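So that we are looking at the same thing, I have put the structure below in structure tokens.
For clarity, chains are labelled A, B, C and D in written order, and residue numbers in each chain start from 1.
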Amino acid sequence: MRLGYDEKTEAFRDQFVAWLEANLPDPLLTAERPTSSAGVPEWARQFQRQMFDDGWLSPAYPSKLGGRSADLFEQMVYLEELGRRHVTRSFNPQGLGIVSASIVSFGNDEQIERWAVPIMRAEKTAALGMSEPGAGSDLAALATRAVLDGDHFVVNGQKVWTSGAHDADVLLVFVRTDPEAPKHKGISALIVETDTPGLDRRPFPDLGGPDHVDFNEVFFDDVLVPSTNLVGDLNDGWRICNGALAHERAMLWVMWSQSLDNMLDDALAELNGTSHADDDVVLDRLGRSIMDSHAIRLLGHRQLAKQQRGLVPAEQSILKLMGSEAQQDLAALILETLGAAALDQAVDSTLRFPYENDRGAVSWSDRYLFTFAGTISGGTSEIQRNIVAERVLGLPRG
Amino acid sequence: MRLGYDEKTEAFRDQFVAWLEANLPDPLLTAERPTSSAGVPEWARQFQRQMFDDGWLSPAYPSKLGGRSADLFEQMVYLEELGRRHVTRSFNPQGLGIVSASIVSFGNDEQIERWAVPIMRAEKTAALGMSEPGAGSDLAALATRAVLDGDHFVVNGQKVWTSGAHDADVLLVFVRTDPEAPKHKGISALIVETDTPGLDRRPFPDLGGPDHVDFNEVFFDDVLVPSTNLVGDLNDGWRICNGALAHERAMLWVMWSQSLDNMLDDALAELNGTSHADDDVVLDRLGRSIMDSHAIRLLGHRQLAKQQRGLVPAEQSILKLMGSEAQQDLAALILETLGAAALDQAVDSTLRFPYENDRGAVSWSDRYLFTFAGTISGGTSEIQRNIVAERVLGLPRG
Amino acid sequence: MDFELTDDQLELQRIARDVLDREAPASLARDIAEGSGSADELWATLTSLDWPALCLPEPVGGLGHGWVELAVLLEEMGRHVAPGPFAATVAQFVPAVRHAGTLDQQERFLAPVAAAGATGALAVDEGAGTWDLAQIRASATRDGDSFVLSGIKCFVVDGASAEEIAVVVRVDGGLRVVVVPGEAVAARELNPIDATTRHATIDLEGVRVGHDRLLVGSDSDDVVVRAVQEATVGVAASTLGACQRILDLNLDHARERQQFGVPIGSFQAVKHKLVDMYCLVERTRALVYFAALAFDSDDDRRAIATSMAKAGAGECQQRCVQDGLQLFGGIGYTWEHELQLFLRRAKVGELHFGSSSSHRRRIARCAMSAP
Amino acid sequence: MDFELTDDQLELQRIARDVLDREAPASLARDIAEGSGSADELWATLTSLDWPALCLPEPVGGLGHGWVELAVLLEEMGRHVAPGPFAATVAQFVPAVRHAGTLDQQERFLAPVAAAGATGALAVDEGAGTWDLAQIRASATRDGDSFVLSGIKCFVVDGASAEEIAVVVRVDGGLRVVVVPGEAVAARELNPIDATTRHATIDLEGVRVGHDRLLVGSDSDDVVVRAVQEATVGVAASTLGACQRILDLNLDHARERQQFGVPIGSFQAVKHKLVDMYCLVERTRALVYFAALAFDSDDDRRAIATSMAKAGAGECQQRCVQDGLQLFGGIGYTWEHELQLFLRRAKVGELHFGSSSSHRRRIARCAMSAP
């Protein structure tokens, strides 16, 4: 155990810091904001491309894929430096983190060149078609069908919660290709270009308000998808599906940790200088949130240290649970503390962090509501608890 | 809706108050304390007998059974006046509230005369043999067997958690008399004198300490019980069992309400004049306990009002849950608030309330631990929640 | 005590529920949130049904019902996330005029409410968001035949739309109520998190009103305290109703929604959360109606009853919003689903007339100082 | 950073666990609680295994290990509800002498600990139960070649049995540590809720000690602050261990105990509570070892790390005691079952060296005042 990093890691950090200082976009050029999680402004596309071309977009990858074969500690300081500056690597996070990552892991060279690299270079944006109505957290129950007919799949069915689909160029869609096989076994993964005939994207607003639109329903009505768009093997989609969700999961806690820290910074700024900063009831609860923030980072580092030693850490299964609930607790605290001052939804929308994906720069009331995306999506907190109980604590299935 | 009672009820109250003022034992005579929930000191026996003889022990009963056919509101003010003075009706609460009550409801005249009246007049004490090892909250799984052999039952098996059995003269024991019948159907209720050969009572301490003894294991090894000791019909014990638990359930909330109020009084006395009385964090939590205390009493009154109108109220199913957990929360608050001052288990054991069943007059640490008797026994809070979910909220069985 | 609604009160509840089921569907609240709806028609209907008059005293043309009946109506309004001036008028403006005004003044300002649904508001807080009367600085100064006002009032429910606003001000240091015509003040409307609970900041600076608009039925601060208590319990009753609806929606969802082949309501974790919500709703209802009874009986536990009702509603909304949204999963996380309308109505109750925590501390301080 | 135990540290943990499994079964704690047991034999064994020396500096005969290793041992002691002078000696007495004493004084008072398991205690609080150094009034006054003490010290762990007691006093207004022979003070032992954590009130009035017993390695109050920080984290580590054991006992129980025909661990409500306990145990472990690392690295986050470790342990014990007892049902509610021994050890941690709430408030105030 030790608090600092070794020299090699610190040298890596210095190198990245130097690159960032030389290459961060002029804040004045960042005024155009994203329209959805696949609607990326031009300045952000250019910056992402620059990162890729200079080997800083995905440091764990080899250089031809936008990286420099960094080890886990190097990836960690890389993320620390991004987080410290509130720099967003990609404003199309599912595109980079899941779609292109899945193609890199499971696709062939042609697919990597045709889709993964363009997504990484922000020439294309991508969205993930996984959830379906009625399936909820039960991914194995998905019903969208794809039937191979010659050199095309014919896709019929419906996806929902597809973030950014209306702004995306391609979708990675999980479909049932063998209806006879047991639930997990008959699933495949297809790349679908969003301008394919028969594909209908219907964006709908979340509970933030009628103009807060990122989710889509996506309908497939006899959509013809070339068989060359199959990622991985036929009926091997469950492995990709798990891989897609697991992708970069090793580092996913950093996102939870940094977004909690950001909210905490905002909370401290909000309370400082007010009478609340001297209210013991508020301080008592705030202390807990500060502890959450430290504990989550420390547990993440523990996971990292175990992975570096080749162990399979149990921490990752609790970090999403703890991180998402800690954010919810903190947002609730600030909302309740501000009281009447939080009645008004209008907020100062001036950008504090020009490089941040700030579609969340909203009132504390909305911030509180938006924390439920964290405790619901990607497996609700209840599902997470079941998983930890069974897989980590060895309790019997219910 | 109204806050007060009608004149008839208030007249009843006045009558009882006059009786109490004339008949409460001299506090100086109450120094002898109970040894268990069936080990009743002589002064308390005399007082209980006096209550019975004057028609004040069980006011809802007819006069020959120690009552005066009081209605629900009259029973309520009766309990209010007892509570206000911290007067315990019987230091053998299961004997009076469950055993004699079951015999009165389900037994024959001879049984009433032979056991119920003596228990009510505190000439005998009684304990309840219901729980068994391994059965926990699953009463239908009880395994103690009784086989009818001529004019006797032969009883074999084991009970546990039998409060006060080592001090009791008789037990009301639930036994399986038809092992072939479905779980609920083959159960019967027997009165067993504790001096019957083959019956072995082994008291054991609870977590309060090695000298905190009320529970017993009770072993039955070919115990011969006269068939005339069968209460109710053969194999009709499930109805009695439910009846026994349900007995006086209508008024059981008053016990929860009053014991919470008593704890709250003690808590306020403990904090008053200390720096904790000015600590906003403490006040915030204390406020919640005060609300609990009011809400529980109000919900109890709501239940009472519905019963008086002949309705079946849902409140009783949540009052035990809320009452037991509210006590636990309050005890935890005081324990945590006192901090180091609560490290020492020694407490001033001077009796504040000479008529109270004060085996609980202990440190806040023990008071906290003892609240778990409330959330565990008589159906754990988890079981209570299942029951409310299914019976009150109409949710499907799991 | 007899702590259950009488048959007449149960009948009133049933009628109110029927009326609002018909006249105030959730789509009305949604239309208002999206800027395309209006509460005017609902208010006209309720006025025609004598709702504004129901709990007003008979001398001003009211039907003479009490606070328990008012709580029944407010709870139903919350349960339907019903928009409009009902709550601010009858639970905020009316109590202020009733307790502070002379009989003549009550007649002058309340008869139009009873007869024709004139609307009112109550202005108390000045920005701290605590509704703490000790912090009131706004004032009315006599100038000839009139009073000149000074100060700013914040978080005034319906402050930009009410016809008359009961404004709590200082006159010679004491707390008094001045009834100011809504059109006389400059109001800036906020964009509240619940679109059906409209708020405004109003500027009193230099506003001049006739001397007879100063309510002079009593020269005690207590009447203002009482008016704010009633307004506070009114908010609690509305919050209670919204929470009840969140629970109802969740119970339906838990019975119907299937996951892993069974209704999610058969999962123990779901059951237990719903039971906790149910217990808190019942606890809050007990505390709200206790406060209403305390008003009707002029019981001296009014202050603690008010704080218990408000804090109870606050604890209840906290859990109902939290678990109610969580248990619904993604479906509840959309603008389309009506759940969010009730979440917002429940949450808004916590944010005005004092937080749960502040009321709990009052309760405890009160108990600590009791003999 | 590298936030996992090294192979050597893991090996130490394994050895410590084996030793205590063998030498400190729960029956030892039970015997002590029933008045029939003694911790002497365990202490002799641990001394023979060099436990007292392990984390002492080499110059005084120690093995030079750091706070991370000490946390490993203290956690295992808590996990075994092990009685005896280990915790008070190495996590309370030793830090006080190390930080406040000169090298000679360290040699004088610590070498006997390292060599022969001499025992020590630390006396700080004077009755408030807050361990707030600002409230210290006890004093040492120079009188010729000696100091005369005055004051009362409360809640002193092992205060009635330790051979030497490091007493925090005021000398000329500043905070200093005087090492007082245990036999020189009148001690009244309390009847603590955890019989393996013995406490005493000690009376310093008129006690006279040689001037060389005033530790003069530093004249800064900071060394006392540091000693109390280490003592506080020591309590947190022990609490953590007890909580881990409560969780372990519950997991075994949930897998084995059948109800309604299935193991209770298959009920979702049971699962979720166990997961919450597990998360809190892991959270606390992270915070405790962070504090240990901060001590070893002289990191300037020591103060906040200390408070986080203590508050973390406090939150953890609250949940583990609450749900750990509740989930066990009746079986855990007996004196016979070992669960209660661990519940008491876990709970006692909350009651000294400052409550969770007081530490959380310190954390928040510290963050509020940070730039």
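The criterion applied here is as follows: contacts are C-beta pairs under 8 Å (C-beta built on N, C-alpha and C of every residue); 3 or more make two chains touch, one makes a residue touch a chain.
As the structure is a prediction and not an experimental result, all values here were calculated from the model.
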Relative to subunit A, chain with the most remote C-alpha centre: B
Pair exhibiting more inter-chain C-beta contacts, A-C or A-D: A-D
Centre-of-Cα separation between subunit D and subunit C, whole angstrom: 52
Chain centre separation (subunit B, subunit C; CA means) in Å: 42
Multi-chain contact residues (two or more partners), subunit D: 267-270, 272, 357, 361
Per-residue multi-chain contacts in subunit A, two or more chains: 280-281, 284, 382, 385, 398
Subunit D to subunit B touching residues, read off their complex: 33-34, 125, 129-130, 154-155, 190-193, 199, 257-260, 267-270, 318, 322, 325-326, 329-330, 332-337, 339-340, 343, 347-348, 350-352, 354-357, 361
Residue numbers on subunit D that touch subunit C, as the complex places them: 267-269, 272
Residue numbers on subunit B that touch subunit D, as the complex places them: 131, 134, 136-138, 160-161, 204-210, 212, 215, 281, 328, 332, 335-346, 363, 365-366, 369, 372-373, 375-377, 380-382, 385, 398
Footprint of subunit A on subunit B - complex, ascending: 279-281, 284
Subunit D partner contacts - residues on subunit A that touch it in the complex: 1-5, 268, 271-272, 277, 280, 282-288, 290-292, 294-295, 298-299, 301-302, 304-306, 308-309, 315, 318, 321-322, 382, 385-386, 388-390, 392-398
